[in-house]
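Across the two complexes that follow, subunit A remains constant while its partner is subunit B and subsequently subunit C.
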Partner chain A sequence: MRTLKALWAQPASRFAFAILSVIAFLVVFGGAVAPYDPLRQFSDEVLQGPSAKHLLGTDYVGRDVLSRLLAGTRLSVVGALEAVVIAAVLGVPSGLASAWMGRIGEWVSLRIADTLIILPFTVFAIAVAGTIGNGLQQAMVAVGVLISPMFFRVTRAVALGLRRTQYVEAAELMGATQWWTLRKHIWSKVLPNVAVAAAQATGASLLVVASLSFLGIGVQPPTPTWGGMLSADLGYLAQQSWAPIFPALLMMATVGSLNILADGIRDAGSPRRRRPGLVARLHRKETIDVAA
Partner chain B sequence: MSVAQATNPVVARPSADAVGSWVRRILNLVAITAAVLLLASVITFALGAMAKTNPAAAVLGETATEADIARLDRQFGLDRPLVVQYADWLGSAVRGDLGVSWFTTVPVSDSIAQALPVDLSIALLAIVLAILIGGAAGIGAALSNGGIFDRTVTIVCSLLGTLPPFVIGMALIVVFAVKADLLPAGGYVPIQEDPAEWLRFAILPSFALSLDVAASIARQLRTSLVGALRENYAIGAQMRGFSRRRVLFGHVLRNAAAPALAVIGLAIPLVIGGAVMTEKLFGLPGIAQLALQASEKGDVPVVLGTLLVTAVVVVLASLVVNVAQTALDPASRREPAKGGLG
Partner chain C sequence: MANKALTRTDNPTASSPTPAVAMTRRGLLGISLGAAAAFALAACGSESGASAAGGRITWAWQLPTTWDPVTSSAGSDVQMLALVYEGITGLDEKGNPVPWLAEKWTYDPAGTQVTFTLKKDLRFSDGTPLDATAVAKSIERGRTADGSLIAPQMIGITTVTASGDLDVVLDLAEVDYQIPALFAGKTGMVVNPAAFEKDPASLATAPAGSGPFSLTTFVENDHAELVKNSHFQLAEDIQVDEFHLYPQPDPATAVASVQSGQYNVARISGAQVEQAEQAGLDVQILDSMFVSCLDVHAGMKPFDDPAVVEALKYGIDREKIKKVANFDIGDVNYQPFPKGYVGYNPELEGIYDYDPEKAKQVLAEAGHTGTVKGEFTSAQPVAAVELIQAQLKEVGIELTIKSIPATQHTQLVYIEHSQALTYDGFAGRESPVQAFQVLFGKEGLMNPGRRTDPALEAQLKKVRATPTDDPAYPAILQEATKIAITSFPNTFLYNAPRIIVRKKVSELPASPSLQRFEGVTTS
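Showing the complex of A and B:
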């Protein structure tokens, strides 16, 4: 609760929150507020520039770009969120468990994380599409599994650090069960770190999902997604070289807001540190983004 | 423990209980590499075992009789227990035999041997470019610590991280191929045929691929350089009259380069995965085209082969980076750093 208040006190986080609220609104109502049906083809208005009728122009079969952008938000974002939920469900419990496992279990769990990290998203997702099937669910499970080491490592690192603290040792010596220690002492410290990882992972996952729909994996055309729109724009760069800007800007705003929010949660969780300026905070980002 | 430390185990301090002998370190590295390769092969094979396509039905079409399907199943060895199939598949894969395509009966290893050099040459050029661009930006930012160049680098790096790499590739196509007409927007010439032509086709994909990694390198190098410049030995050298530049290049850079190298190690899967994206952008005849076409038809041996080979390439490249990092960083030579292949 205190963390949330500290988060709300940061102007940058409030700004990021505002942008993400707009995106969330589009996820739910994007199709409804779109001026036209995203699949409707105005066949005599192909590849047009912005006009009063089509605010962001039309694509190669005369579909309204603004409508496709608004309606495409849902699948782009929900797909990414689904992958992050899968990743957290896989990564957090195993990360906690690995801090208490014996040496062999620890070694094996670390090697599984290593293996998932070295598999490239795109190649793995293509393989999943080619064997299990090409669909949004399969693609999201594939991305979720590969992102899960992010959660595993964060959770494990925090839990390992806490395990050696004296108050956890004291609790264990006094006969507390592991489950009690976990709930009472560990969980509240793990949670903010998981939240930071979740915000980062959502941004990363958005980029991966866009890359996959660009390759035609997951959501199939003509269903609109940001990545799919960019893929369609690729064939008409000579005629409409500015067309990729709109989906790209929307993606930048979303992923950028998530990154700012991740930094904000990190700062809010450490109240004693003086908050540095924006540029100094960007410098602290030594973590390596998964898909960036 | 801060999150920055937690999520970046490669730069974390080595554990105190680690015993620093070379033999042990190498054995550890070999064990980790072997385990990761084995796990990657298990994951790959498991995907194949879960495949929905029945090869016989897929190849023979709808008119196939049950006897035909059974005969083809036997021919592909699919009527045996999974463990036997896995052992057989792994044994052949180790010897370089990845089976034959279900549709064209071309050996999978032949198709991959043809496609892989495309991705490898592009990825290698991308890493070289990333080291040059990221290194220059990181050093420049550290020298102008807090100045305008430093701020610009930081902001550009952050913005690059919010875009999928193929958008940058599209921007490059627009600028260099469509507007300026300097370079081809797509196509490929193998490097062994004509290196100059190859470079003309490879430079845009590699550049597009390198920017993300360059941003990571610049960010990491700047952070560790600024930290190292505050160390006593660096301040001492400056007080003895060496110029800031000389201290940076002569003393500090070598120590600060190790974490940046670790960034490259972590970036290798991204570069290889990104090479796949650039193939589609620039129409390169690489491993992704192979995998995508096979994936559409449900040609399982080709799909599995590409995944396995990609995993092996990434593991081996990470190993090289790991060894280079050890050679460069005196601290990691004393004690093995945890975090495996990174």
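Showing the complex of A and C:
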């Protein structure tokens, strides 16, 4: 709760929250607030510019661009979240476990993480889609697996530090089980770091989902997604050079907000980062005293 | 002034720097203006496209799967291979065989032996003679080489022999007047025996033919550099010295790449025409044999029901697809041959005109009360696929689009035949019978159901048995087209011409089959 309050105290975080709230609203209600069915083709109004009828114009088969943007938010964001959840499920428990495992287990888990880190997202996702079928779920599993080392490393780094603290050692000496120690002493310290990683990973996977849609992998047409719209728009730059701006802006705003939020969580959760506020206050008081 | 000039001549050793012609301010101005005018005229000359021999065509087109016509696996390779090889015959604008390497051909009265008589003094690009022996060896290699993909087309040829320097004699298992047409494409491209007898594998990257150009550099998946072949039979008509070939650029950058001078010719789609014209580039639309189509698997649901196939044919608004997907460039077509081609049957015009009510009725009469569901495969998301999906949904056929990677398209569609409905395109074949085999034959690549029709087989036999110059030939061939279109599920949409954009390259000769470059100049 204290972390959340500290987060809310930051103007940048409030701004990011505001944008992400809009995005969250669109994830839930985007299809409902869209002025038209995002799949409806106005076949006599192909590649039209913005007008009162179509505020952001129409696409290459005459669909309303605004409706597609709004309706496409759900799959674009949910796809990214799905990948992050998969990554967290794989990375966090294994990161915690590796801090408590013996040297062999530790070495093996680190080598697996190293191997996954060097695999390029897009190429791996294409390979997975080619092997087990082209679909959003398959692509997200691939992306989730590749993001999981990020969670593994963050969790492991924090857990290793906590493992050697005196209160953890004391708990172990008093006969606490590893599960109890993890639950009571480790998890609450690891969580803010996982939250930071999750915010960053969501932004990253949103871009990967968009890139994969751009390449025709993942969500299949005519279902709208931001990446898919961006890809299609590039084929009609001569007619609508401005069209890619809309999905790109939405992606930029979402990813930027997630990154700001990640920074905010990190700052809010770090005692060292909070302290300068106090020091600054004391310093200010000292300055006033001297001046007086 | 003359005196002064003489003075200089009279005294050549004079050390005075004074010029013989005194340069007055007006004189200097005159000379400057004259020089400026000369430069301006010269510049105008080059800008206005004054052509000259030499120069280079840099075409962003496509790279072939291999430079060996015997193992080439893509129908469209023939365009690139024709840069370095020549066919024994050629095709006219109607698709009839015409002389090329062979100046004539004659069939025996039974129609089971054909003799091709070559032109005199033909040479391969290395200067070695292109004679009957070389041609016979080349044909023999196509028939018998391991991995030959043209061998099935020559299954009816029993023996190939050279008779003298100019005659190549083919004995046939049965009457087949289609051989000359067949030899206008990859099947008839003559490969230098000196190359394949030494190292046939080298042909994949080092072609050895007699075409207008010779390959000098080939970087796989990147580009090919060719130079004019001075031994080409029409070498004096080839006005450029070099030809650089690149893969087709991304549609978003195609026009810009020509505008910037990276390429001077590129293929573009209908969506880029306006942009190219606005950029001041020359846009040329060339007739082609390409027809956009749907490969329908009559053995897979829901297309195992003839009523669904019929509804599919009536439920597609081809005019709208052509208009939206190809920016109204091309002609709606219901058959595999373009208008004007000898196999084009005018009776089929409008046979499956858009009639959504009829499509619904056909489905209802067949007992389809609910929505018919199926999959629609495409190698890339294109507007036409989404339009067709929406149109068919209106008549009660709900298709789920399934994008497959382009690299898997050949395997899944042409080899495994595992897709119920695929958006595809047919590039045409030199021989109409060959085209029928690809589209409707039992082993046809684009016949996913692998079902054939005895009536069509019988008609094709008649086509083979009819000389192409027989007055009855067009009618017999067009009847085969009618049988195929009315009895097979393949659905043809529209003919799409080749659209090219040029910069400082003269107009390309129109030719629906192979692109020719005789007379093309750069400036």
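Operating definition for what follows: the second predicted complex is superposed on the first by the 271 of 292 C-alpha atoms of A that agree within 3 Å, B and C clash if a C-alpha of one lies under 4 Å from a C-alpha of the other, contacts with A are read in each partner's own complex, and residues count from 1 in each chain.
By our rule, contacts are C-beta pairs under 8 Å (C-beta built on N, C-alpha and C of every residue); 3 or more make two chains touch, one makes a residue touch a chain.
If you're wondering where the values come from, they're calculated on a predicted model, not measured in any experiment.
Overlap between subunit B and subunit C is detected when the two structures are superposed via subunit A. When both complexes are overlaid on chain A, the residue A:170 reaches neither subunit B nor subunit C.
Taking subunit A as the reference, the larger set of touched residues comes from B, when subunit B and subunit C are compared.
Of the two partner chains, subunit C is the only one that A:62 touches; subunit B does not reach it. By the touch criterion defined above, A:222 lies against subunit C but remains apart from subunit B after alignment on the C-alpha atoms of chain A. In the overlay built on the shared chain, the residue A:89 is in contact with neither subunit B nor subunit C.
In the superposition on chain A, A:134 makes contact with both subunit B and subunit C.
Touch criterion met: A:237 reaches subunit B and subunit C at once. After overlaying the two complexes on the shared chain, residue contacts for A:46 are found with subunit C alone; subunit B is out of touch. Residue contacts after overlaying the shared chain place A:154 against subunit B, while subunit C stays out of touching range.
Working note: subunit C versus subunit B after chain A overlay, options 61-69, 403-411, 457-465 or 475-483, clashing stretch identified as 403-411. In the superposition on chain A, the residues of subunit A touched by subunit B in one structure and by subunit C in the other are 126, 129-130, 134, 216-217, 234, 237-238. Taken together, the subunit A residues at the contact with subunit B in this complex read 108, 110-112, 114-115, 117-124, 126-134, 150, 153-154, 157-158, 161, 193, 196-197, 203, 207, 210-211, 214-217, 227, 230, 233-234, 237-238, 241, 244, 248, 251-252, 255-256, 259, 266, 270, 279, 282-289, 291-292. Looking at the complex, you find that subunit C touches subunit A at residues 250-252, 255, 269, 271-272, 274-275, 278, 320, 324, 380-381, 383, 385-387, 389-390, 400-405, 407-408. The part of subunit A that touches subunit C in the complex is made up of residues 39, 41, 43, 46, 60-62, 126, 129-130, 134, 216-217, 220-222, 228, 231-232, 234-239. Residue ranges of subunit B in contact with subunit A, taken from their complex: 1-9, 11, 32, 35-36, 39-40, 43-44, 47-48, 50-53, 150-151, 154-155, 157-167, 170-171, 173-174, 178-179, 185, 212, 215-216, 219-220, 222-223, 263, 266-270, 272-274, 276-277, 280-281, 287-288, 291-292, 294-296, 298-300, 303-304, 306-307, 310-311, 314-315, 318, 340-342.
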